[in-house]
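Chain lettering (A, B and C) follows the sequence in which the chains are written, and residue indices restart at 1 in each chain.
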Amino acid sequence: MSTPDNNPADTPSKTPSKTPSNTPGNAPDAARTAVGTATGDTPWATGEEIIRFQDVTKRYGRQVVLDDLCFSVYAGKHVTLIGPSGSGKTTILRLLMTLIKADEGSIRVEGDYLTHEERNGKLVPAGERHIREVRKKIGMVFQQFNLFPNMTVMRNLTEAPVRVLGLSRDEAEQRARELLEMVDLTEMSAKYPSQLSGGQQQRVAIARALAMRPRILLLDEVTSALDPELVAGVLDLLRDIAHHTDITMLTVTHEMNFARDISDCVMMFDHGKILEAATPEKLFNDPEHTRTREFLNAVL
Amino acid sequence: MNWDWEVVEEFLPRFWDGVLVTCQALLGGTLIAFTLGLVWALAQRSNLVWVRWPVNAVTEFIRNTPLLVQLFFLFYVVPEWGPSMSPLATGVIGLGIHYSTYTAEVYRAGIDGVPRGQWEAATALNLSTAVTWRSVILPQAIRRVVPALGNYVVAMLKDSPMIAIIGALDMLGEARFFSAETFQYVEPITLVGIAFIVIAYPASLLIRALERRLATY
Amino acid sequence: MTWGLWNNWMLPGIWITIQVTLYSAAIALAVSFTIGTARTSRLWIVRFLSGIYFELFRGASALVLMFWLFFALPIAAGWQLVPMWAGVLALGLTYGAYGSEIVRGALAAVPTAQREAGIALNFTKLQRLVRIELPQAWPEMIPPFNNLAIELLKGTALVSVISVADITFSANLIRFTTTESAPIYSIILVMYFVLAFLITRGMRVLERHAKAGVGKAPERSGGLWSKLSLRRGRSEAAGAITAGGAR
């Protein structure tokens, strides 16, 4: 099995933590570690900080989906978001992917503001160019796969590397073949998505995201739309990716066993806030909050 | 660009005559299109093959050939066999028949849109076929298709200047005659063009509003 | 009717009708895609201007516009259009307005999820439009475009009134010289019907290709009637010519 290595030459990695001082939204460091300190032991909070949410609020009309949220994710760590539906987990992924905009607060990826840029010491809404530069580091796999029905599997895997990363078609196809081998779908490369099963489509979608060599991979309930017998294949693939690459993973899932297997940290969400964050051992066996215990009892 | 308001003033009385004729053509055409279309639609659902088939063929043929040529046919050919008609009467009949083949499709879609359960309920209540059509199916079907019918009235409005070609004095006809007499071309035709947009735009706004209201039904 | 008139006028007339149809269809197609995509733009000014074009030319009568281009424009602007081009332009601009509604509607029907997948892969807006949204919307556009093409073919008869020697013009000429109006108008009505039929066959082939291009099996048409029927789509209620009224 081949695994995609990280930090390829075509994604120049910037020096991290060029955090500007005295810019709006740059609150004292205490806020960042608030979650960690609440549960004591924080082995996932080591190394390079790659994602940072700072006082992020998101509303839909009068409903507050994310409420003044602060947290950080560190490079190479696997963070799983759990909680009842409507608690804001998916919103976090969609914010990171710039599919929606936050109402308040800031999000940084490797120290760069996601939707803002600095001009003359002031934060202003970022242009398309800046957003695409930051977004390059992030990939996403969707609940409904969202493969392009007008392209073959091979085309789905090569279109973005060619058009966005500027790879030659040969390079892109070479990369795609390796990924197809990894997801065990080599013989499907000339097929269209509609000719594949749900599980196969989702594995292609995972390969498509990896073809862009992201540093961060967002997984949004990737098995929820699958028939039960197809779930295991997709989860096994994701376990492999989690264990054999240094890609930072942010996962929203209802598969608690999977969460236990791959996570460095599990965050329990409720009403747009992080109720608690802990190692899977701690959170699943001995949660701090009764709300967490009730939720786990309901889903396990 | 030299725009002469005096020419406009001179043309205006005739323009209003033309507006009246356009309205007459549109009203007459609409009446024919709405009733004849319903006849086609019912005939297309007939159980008798020798009714269904010719009606399908004729409506398909009329719908896919140019209205202008049909007007020529009505104006030059029909008088050879029967009574000759004024340009306006020919225009009204031509517009009506041509658009009846469109409204037939609209009615058909509306009838198909009535849930099967309505037919079954009518059967369960032992209603006759005629009563089922008249008091159950058609009221529901027609309500649904009012906006679509309205769209075709607007389309007919825009095709109505074709009757000027066979000599009717609608807005365009008046403009042509005026231009031929006075050699003033810019003002009359521009005025007529604007008049069409001015009438068509609020009409289509009205239809969109109707659509939104009826969509909730 | 004599063979001389037939050879000298009707055969060239058929060719002129085909030319007018093709040229105005090309203009209409260009207008459809330009205005149709502009109407989905994120910039309000682009949406506003393209919306004005749509409302203006959808409200305008093709025949009146043709007269205006032919009679008024030369005087107002000081330069004369060749009659055929006045006709082609009038048809292209008005039917393009209807076509823009087809393009806009088909683009709006592409699932939001596809746009989001495009964002997640970091495509630019233009790349998303060209590589993802338009190719997916294209097969959906073909049946309404088929109906619009037939309407356009019917509309080409209008060019005869500004003395372009198409089928209808030739028919009028032959009627004038032979006074045999019944056969001549019957024959050309059949000609138009045959041309419309050919357009439909061509569009079916196009549709089959387009559907295969998105991995969809083409739907087999049913009985004899659906094969002979020239119009496509569920109902004429959403017919192309008044497509603007819908939504």
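Note that a residue touches a chain if its C-beta (ideal position, glycine included) is under 8 Å from a C-beta of that chain, and two chains touch if they have at least 3 such contacts.
Bear in mind the structure is a predicted one, so any value in this text is a computation, not a measurement.
Innermost chain of the displayed assembly, by C-alpha centre distance to the whole-protein C-alpha centre, is C. Taking each chain's centre as the mean of its C-alpha atoms, the one that lies farthest from the centre of chain B is A. Remark: chain B and chain C have CA centroids separated by 20 Å (rounded to whole angstrom). The distance from the centre of chain A to the centre of chain B, each centre being the mean of the chain's C-alpha atoms, comes to 58 Å. As a whole-number value, the distance joining the C-alpha centres of chain A and chain C reads 46 Å.
Looking at chain A, one finds that none of its residues touch two or more other chains.
In chain C, no residue reaches two or more other chains under the touch definition.
By the touch criterion stated above, chain B contacts chain C in their complex at residues 1-2, 56, 60-61, 63-70, 72-73, 76-77, 80, 102, 105-106, 108-110, 112, 145, 147-148, 150-152, 154-155, 157-162, 165, 172, 175-176, 179, 185-186, 189-190, 192-193, 196-197, 199-201, 204, 207-208, 211. For chain A in complex with chain C, the residues that touch the partner chain are 97-99, 128, 132, 135-136, 138-140, 142, 144, 146-150, 152, 159-160, 163-164, 191-195, 208-209, 212. On chain C, the positions that touch chain B within their shared complex are 55-56, 58-65, 67-68, 71-72, 75-77, 150, 153-158, 160-161, 168, 171-172, 175, 181-182, 185-186, 188-189, 192-193, 196-197, 225, 228-231, 234-239, 241-242, 244-247. If you check the complex, the residues on chain C that touch chain A are 113-114, 116-117, 119-125, 127, 131-132, 135-136, 213-216.
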